[in-house]
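So, here's a batch of structures to check.
Two complexes come next, and they have one chain in common, subunit A, joined by subunit B in the first and subunit C in the second.
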Partner chain A sequence: MSDNTAVLEHVKESEASEAQPTTRTILSGPAEDTPDQPTWFRQQREQGWQDFSLLPNPTRKDQPWRFSNVDVLNLASYQSGNLPSDHDRAQILEQSVALDGKSGRLIFANDHFLERDVLPESLRKSGVIFQPLERALTEHEGLVRRYFMTQPAALGSAKFAALHRAHVRAGAFVYVPRGVELDLPIEIFHWLADENVAVFPHLLLVADETSKVTVIEHFRSVEKTRHGFACGVNDLIAGHGATVKYVCTQRWNENVVALQINATTVERDASAMSLNLHLGGAYSRFESLSRLVGEGARSDLLALSVAHHKQEFDARTLQDHRSPHTTSDLLYKNALSDRSRTIFGGLIRVERHAHFTDAYQKVRNLLLSDDAEANSMPGLEILADNVKCSHGATSGQVDEEEMFYLLSRGIPEIIAKQLIVAGFLDEVIGRLSNSLIGQHLRDLIADKFRLDATRAAIAA
Partner chain B sequence: MQQLEINNLRVAIGESEIIRDLSLTVRTGEVHAIMGPNGSGKSTLAKAIAGQPDYRVTGGGVLMDGENLLELGPDERARRGLFLAFQYPSEIPGVTIADFLRAAAQSRSPEGEELEATDYYAKLYEKMDLLDIDRSFTSRSVNEGFSGGEKKRSEILQMAMLEPRFAILDETDSGLDIDALKIVAHGVNSLRSPNLGVLVITHYQRLLNYIIPDFVHVMVQGRIVRSGDKELALELEEKGYDWIRDHAEEPVLV
Partner chain C sequence: MATQTETSAVDIDRSIGDFHYDVHYGHDAGVGLSDRVVNYISDVKQDPDWVRQFRLNALKTFLSKPMPTHWASKDLDAIVFDNIRYYLAQGTPTKRNWEDVPEDIKRTFERLGIPEQERKFLAGVEAQFDSEAVYSNIKKAVGEQGVIFVGSTEGLKNHPEIFRKWFGKVIPTGDNKFSALNSAVFSGGSFIYVPPGVKVKHPLQAYFRINAENFGQFERTLIIVDEGAEVTYMEGCTAPKFNTATLHSAVVELVALRGAKIQYITVQNWSANVFNLVTKRGLAHEEAEIKWIDCNIGSRLTMKYPGVVLKGRKSRGEVLSIALAGNGQHQDTGAKMIHGADETTSNIISKSISIGTGRATYRGLVHVPKHLKHCKNNTECDALLINATSRTDTYPAITVRGTGNSVQHEASVSQVSAEQIFYMQQRGLSEGQAMSLSVNGFVNDLVRQFPMEYSVELKRLIELEMEGSVG
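Coming up: the complex of A and B.
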């Protein structure tokens, strides 16, 4: 099958091949090669495995892992997944729906490709590529090789980036040629289906000069309690004057341990915006490296976490200004209930020649319980002159006056709290300036609250 | 006829007693005005009735149709039909007027019953037209960046939507120019009905030119020292609060 065949728009392709059941643990070696993989890819897979084996396990004494619950990173029980059962597959396909409008869609489960909606013919004709990574490796080998995992995992997870390199097989390659604009987002779904499965979702997004594209990834679990491990990498490249928006909704179930390693490269006059919504996972770590490499580049780093029970969200960021006249703006908001924890470690680094830089970093924590814990470690490292930088992290509780105001209108306390929290988070969603995606994010947040409301009702 | 009955009420903030043995009954269909100098306890009375947790009731009772409001949480009091228009309404960042009012309306629907969206919006727009409020208002965050006039109109809009049986307007005239005052007063007057009792709290007589009260009470140092009809407000305007202090019906403790 190839994109060049005459496929009608909205045609669905399915490559759910008969996979032989395997139960290899991820610590027994790199993923097995498949016949059509190029040699360089097999080599870097071996290299990844070697690096993973040599690099030490992180400890809390390492600055990039300070405050982190590194004990959860015992990976011995996780194994590569099989194609999910017919029943689960049917459920996954039915539920892989998020936005009303999209340019295309890819669906993976347990790192197996299930189905896709190909791009409209007009976009394919203008050279836009949106393919499963495995296929892009053969059909667009040169392009993939040029950009594949070229950025260092500089924020603590070099070992896990190496593990990803050793195991990666599922994911998407998106390439938007010069001057092409996609009006509707591209959607990618990754599902975890069975007990103790590990997945390694990959996204490589290359937006060439002055192109425009929005990609949204959805991480989800089929079932509520099965354990799992997700170790994803996404590389976003915004070429000269390009506009890239990236959104991720992380809704693994609460027995999943998740690591997500992002590198964003923003070239001259380009603009990149990412928004990560963290809802799921027992422990979920997110590393985001934003490199502003060309003059006039702009990067917006946005994230939201809604933490409850004993969830832990661990975010590490670097806003790396490597050219003059660059701008970065980070806004992270966390709402914490119960005994949940969040960690933010973020650095703004302005390199020697990156004069006239504007860099901002703002973290806001809303503590909804006395037992919740928010740790913030903002940092600045400025080597250039004439820069405007600010950073700040604050934690607060629900304002009592606000609460009384809502109560005085008859709104019960639990709903009032939800409204206040949703309002607190809304500033971040507003920055995305995309009502279609914004509404979806609001719905997901409301869903998580609904679960908590049900729990409260049962307890009462 | 229903009534809001305040009996020998005493309210303290911390250790200091602000309301000292205050009694007042408001029936549906009536408009009462409470006037008084700064620090006389007018706003404390309003907030204590609404259930503000910082205000500690140390004696007396507040009954609505015989039910003791003081045993209910502030949200329950509101759902029973009590409404407080705030002097300084809180800003709720990121929560739109539409979502806020919808949550308030939803809280009055029977358990498990979803509010009908079309009906809700039809009603909302009708009330907004009445108060000369632009439609774009509903997508703004509650009170965030509102002018003084917008805040007060928003309070009256909420009152119109929630259809209380008893409404307390706490210094609704403060910070309003005459045009805004007229709009707000017009809104309140249009809501006057045999099914609504209103308690207007104000420092100035001016508001009472537009919302004509049936009864006027003068409050000094935590208690009502004189009651009368609307003429009392005019007399007070003319002679000032010192006149009341000098002619209090019972000795006023300092």
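Coming up: the complex of A and C.
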């Protein structure tokens, strides 16, 4: 095993949470405090609950929720989860495998910490921190407090960010000191196990000057039909000259309602890239805010959705250029089958004085059925001159000639279609330029295709 | 031969519209909005009962609807509906002969060059002064073909069988707050009917003029073009600069029956205190074509999104839009394309220029519902920013269902390149001239599609606006 590969640490930290068998509905109040939580954390939890109670429920008439099926956001039945059963736990640990090489790994289920692979010693010695949030709150209180949920939920979900604040307990804190580079990605798993459980996954990543880090989060369900609710927040901070890559693979089961609120701050000469792969969930909304605050900052926003049945994927983005000489590039692609729906609401905003901005935004929808619906709202707000901005949105279908070519070679129709869709999506994966993660994403997409192909075969 | 006056026929730049006369109004509904005002308007106009009822219902709808400030400019809150006069007229019937028009109103329109227009080439002219049409004429040849071109009041009285069938059908009262307002207090505007197969060679034209301070103009235009017929309609608008805000809220409905073609051209040059909140929509039946050419140069805030409902198979809708937002102006314009049948196509081309503190916004809606086949939409929005304080926004919303349709949207934002300006200055042009040439180049491919008189006029307007925008 190479020196920079994670080693498994058998920690029994999970036992502390085992002594907490009561479940409460998430609308009955903020999560209960644990004795070692700092006072400021308890206070912001109270504050979160107050804000959540005061803010109005979104309606489709609110511009940030236009086209969105807000009716699914009835949260009354969801409750905090217990540590999963021994059986489920064993299954989770066995299946929390994604990449061949990693720097470290954290596994959570029902918002309980299960297990982790700690970072190799060399990285720990150079000051890299990778800990469950609860532990970081006591061991690195100053750092966590400085960055914890300091970025606004500016894209419509302020109410749900407040709910997250009131309930958050599971998640990861990652800190990479100046000049340190991690060759292999950090992996974080969040699982939903029982009926009507709500989870609030949290990620706080701070990459100090000129450091390099890649983090991949996996959202998964133990079982295929149990209802659930996920309301995650992640904050990424790319310090001067840092390079941060964030990948999320969302594979909740198709009865889960999920909200994910991402915010990234990119400082001078730093570069941030995010890729969200959305496969699961009944309704999955993901908001991505990218704030380019220092000159020379660059942000790449990538997303892929493969929607089938009655799934709805609702993506909202803001490329917020606050400094001159900044660059952002967004590419979102959706493939829609059956009665699925997608929504893209994106905005490039160039603030006054943010001259010499380059900003691009492109959304492409591939409609594979007559009942699928793609909504696109690509927006621009430009308050500075000397900028280069463009956006484009297209909606179309599989090229008939391409189909004919594949069919004439004896490839079954569904497979041919899937090949074309895979090709359509591959451009986005290519932008990541990480073959290890790229292959994993392709495998996950192929998995979902396999289900559809089996279904089609049975139907035929 | 036309005499050379100080204002040439096609010239409607801002300084020329900036004058007003003290006019004695025979009918004045007073300020504010109530059942009493609506009844007053109905009394003066001797509305049939169904129109009076339509107005009163619309007033209720207007009062019940909130301002659309959750998405639109907060500047709308600056409109004080209680300070506005909803109806002003001199109380004399519409004149057929230019000589019969009262001297003071004649002076106004002569400064705007209306009779000259008519002499030159127009098939008909209708001129509206505040609430009512003061002058309306249609060339004999066109009238003999059965074309009807009258004010909306006359239309609903003399041609109820056509008028009532389509009135309020393309844009229902409750479409938005301002269409409801218009439906309650509408007055003036044009009613046009073109019989089957008649192709009106020359454009029909209307001028709208606001003369009184604190006045709201609410004209209502309804154009019905029967099977296989064609018409082009042009409107121009001016108002003097008063110190307080003025409201213009029109509703324009177009109906193109099977195979008909309508081209509707607007050059909006209201003065910079006018709130211009207009609802315009066309209904295109099978193989019909509706084309909006929309130039917005004046006003304080314009909110206008001409739309086409593509109801019939193979119908076609088009919006060509140019907006020029100068200091303190907000041009919030765009287009709506609602596809409702197979093989329908729509095209939206929008170009905007923001100067000084001006703000240009494109807002668009493209809707392709399910189970339609072979629908196409193409949208292009280009914005040009002239100064560091200028602003531009693009907010399209596109919904596509099902396979077999193709929709694309593209937008870009750019500025005049320093290199271009430098190159032209090298050849002896001043910076202002160079800038103006670049801007004209930017809109050129769109302007070329306009009728000649309008493209010349637009070029001149752009040159005027660009003077003093640099440095």
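Everything that follows uses one rule, which is that the second predicted complex is superposed on the first by the 443 of 460 C-alpha atoms of A that agree within 3 Å, B and C clash if a C-alpha of one lies under 4 Å from a C-alpha of the other, contacts with A are read in each partner's own complex, and residues count from 1 in each chain.
In this section, a contact is a pair of C-beta atoms (placed from the backbone, for glycine too) under 8 Å apart; a residue touches a chain by one contact, two chains touch by 3 or more.
None of the values given here were measured: they were computed from a predicted structure.
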item: Subunit B versus subunit C, judged by how many residues of subunit A each one touches; value: C
item: Partner chain(s) touched by A:390 [first = subunit B, second = subunit C, both, neither]; value: second
item: Subunit B versus subunit C as contact partner of A:407, first or second or both or neither; value: first
item: Partner chain(s) touched by A:121 [first = subunit B, second = subunit C, both, neither]; value: neither
item: Which of subunit B and subunit C A:63 touches, first, second, both or neither; value: second
item: Which superposed partner A:415 touches (first subunit B, second subunit C, both, neither); value: first
item: Which superposed partner A:381 touches (first subunit B, second subunit C, both, neither); value: second
item: Which superposed partner A:373 touches (first subunit B, second subunit C, both, neither); value: second
item: Contact footprint of subunit A on subunit C as seen in their complex; value: 70-71, 370-371, 383, 385-415
item: Touching residues (chain side subunit A, partner subunit C) in the complex; value: 61-63, 66-67, 352-353, 355, 365, 367-398
item: Subunit A - residues contacting subunit B, complex; value: 399-402, 404-413, 415-416, 419-420, 422-427, 430
item: Residues on subunit B engaged by subunit A in the complex (per definition of touch); value: 50-53, 73-75, 78-79, 83-84, 86, 89-95, 99-101, 103-104, 106-108, 141, 158, 162
